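The block underneath contains the structure these notes are about, expressed in structure tokens.
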Amino acid sequence: MEATPHVRVNRSGGVARVLMERPDRHNAMDERMARGLADRLKELAADDTVRCLVLRGVGGVFNTGADLSTFEGDGSDAERLDAIATPLHEAVSTLVHAPKPVVTGVNGVVAGGGLGLALAGDVVLAAEDARFEYAYPKIGLSGDGGATWLLPRLVGRRTAQELVFLDRAIDADKAVQMGLATETVPVDDFDERLETLTSTLGSGPTKAYAVAKDLLGLASTNALDEHLDLEKERITGLAHTEDYAAGLQGFLEKEPPNFEGT
Amino acid sequence: MEATPHVRVNRSGGVARVLMERPDRHNAMDERMARGLADRLKELAADDTVRCLVLRGVGGVFNTGADLSTFEGDGSDAERLDAIATPLHEAVSTLVHAPKPVVTGVNGVVAGGGLGLALAGDVVLAAEDARFEYAYPKIGLSGDGGATWLLPRLVGRRTAQELVFLDRAIDADKAVQMGLATETVPVDDFDERLETLTSTLGSGPTKAYAVAKDLLGLASTNALDEHLDLEKERITGLAHTEDYAAGLQGFLEKEPPNFEGT
Amino acid sequence: MEATPHVRVNRSGGVARVLMERPDRHNAMDERMARGLADRLKELAADDTVRCLVLRGVGGVFNTGADLSTFEGDGSDAERLDAIATPLHEAVSTLVHAPKPVVTGVNGVVAGGGLGLALAGDVVLAAEDARFEYAYPKIGLSGDGGATWLLPRLVGRRTAQELVFLDRAIDADKAVQMGLATETVPVDDFDERLETLTSTLGSGPTKAYAVAKDLLGLASTNALDEHLDLEKERITGLAHTEDYAAGLQGFLEKEPPNFEGT
């Protein structure tokens, strides 16, 4: 895995952590950072030894979207927007489709293109200082990073509209209440809770998680009866895994199972 | 209607109650029970004299999913999973598509394949001791019974992910708050409230309910404009029913209408 | 713009207000009123000088649906229902697809076909006396006005079912909590808050709002990856607008931008 500016990877056990690290720009993305993010996430998503993928920022902030300081404010920015949105969208798609649990750890500000990255997690842990902002209309833009696809599915049509049209900054408690984030923790407990969560998920039944994740995603455009067929096909396929064998034995013997992700 | 092991049917007025009854196994399903459930539900869904269909368990519990005690924990269980999922999915599809209101009465534990049955109701009454568990990943499995299709529609993508990945047991109050259940009642009032609800729905405008139910279901994959056309086609069709005649007269005369389901 | 019975238009700045005005019938719609509503909304939606479209009732009530007083209660009403649903559905489709923010101001009762009109807003301001009722099954009917499409997207499947099957009247606070309305204000502040909201939206980045609105709508039937492509195509297109130039400049200079909607 090659070195990438502003993107650091850190692995232990089955957990791979991707850290966004451009603290002098509040982790705003330039093209190289977004490209590095997409490439690292794709490698880790495809790596079967990674059983839980974590995305977070360093320096007390998650990601504040595209770095606008080099933008010109005219039509030439179409190219700059495209150059960031292209890898950003690869990154978001990778998080949503990765065949393993993805945890995003959100602290400080998350705005613009960073919002899609944060919301793409299967589990979103928000530190109490997290602050979610849609932000695009402030600069006369619409939205990218999957935010317009994720928001209605997470918080419903009305709240999605509220975030887009009324320029709300959502704090961590409100984010959990409305469905942006899964849970919130005090800032001082953020790192520890993130480790606990991800090591639990990283020692879970990875293949079963991957199937359930895929099914939850496909549900949104499937009709019920075709989806039922798919659920049946996929659950019967898991009977051949070692994690199922371990899980059933643990259940029948009332012992916690030892899942190997196989 | 033939006798079925572990599935009892009880009718009065326009209400048909299907009772899951395998108390020594906490109403867990073997293949015969799931088959009986599917067959009875299909008969009652197709019977025009049934104007409200109720599903509940006996013995203080709803349904705890597949009975795993005869499972082997190896690839041969693919067949056992298929043998239960096939009738279970017929049952869930029947509840969701039945042209009449379906009420599920949930008390005690509901887990695994029982969860889809519980959530498939148009109205879900939860006793205060109800406890909803996704449970599949515990045994290295993904989910069936329509749970991965119903959950995102009921509680949104984030909460659905939380139930799948974080192994939460949801109590009745939380279930109502998040949208799994419609309302909760004290355990001692559960039977009475279930009767009141179902006799009200069973003496309602059955054809109008059936159309509205169908439209709510179709909405999830329809674009707005085609759905508007469908709403118009279906509402004008109801002008020819006796229940519309009764309903309009009641409205204009400020008298409660007497609906016959015709 | 021609005069229309029971529909008044009032414009100032970039804001156009459509007022439903049939106070002796609690703003219930006959065919001419529904037709006028559809025609005026279509003209204003297509008018680029209108940057925010507002729909409200006069006389302390929003809209109580079809005026049933001339209905016969037999099959001949199929034609009457069709004659109102046709323009009503044009009106709802126009509100949902208008390339600009739409605000509905809801006070007093909103029921039946009025419900779809109220819920079709991008922002729904509810006075504290607002009361949302599905109401159709009371008269043996199913639903129209887009209500069966909007409700599951706004409040989720379970609450949508509750409104349809359990004949609930929802007050303003509950409406905000469940996602029918965006916010609620005391009755005495309703007019002023509606003006503030709409003048803010009417001086916003109209083209960016239009794109974001369109994307939120398309998200509901798009798969993620095609939607990401669309987000990118649409956001880069906005780089050529004057509002983007103003927005970026304002952001970089920490000054509020002056958006002209161009």
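Quick notes
Each chain carries a letter (A, B and C) given by its place in the written order, and its residues are counted from 1.
Everything below uses one rule, namely that contacts are C-beta pairs under 8 Å (C-beta built on N, C-alpha and C of every residue); 3 or more make two chains touch, one makes a residue touch a chain.
Nothing here was measured: the structure is a model prediction, and the numbers come from that model.
Looking at which positions face the partner, chain A and chain C present mostly different ones, since fewer than half of the interface numbers are shared. Chain A maps onto chain B through a rotation of 120°, based on Cα atoms and reported in steps of 5. Between the CA-based centres of chain A and chain C the separation comes to 33 Å, rounded to the whole angstrom. For chain B, the set of residues touching two or more other chains reads 153, 156, 221. Chain A contributes residues 101, 122-124, 150, 153-156, 179-182, 201, 204-205, 207-209, 211-213, 215-216, 219-225, 227-229, 231-232, 234-241, 243-252, 257, 259 to its touches with chain B in the complex.
Listed in rising order, the residues of chain A touching chain C in the complex are 68-69, 71, 73-79, 81-82, 85-86, 89, 92-93, 96-97, 136-149, 151-153, 156-162, 164-166, 217, 221.
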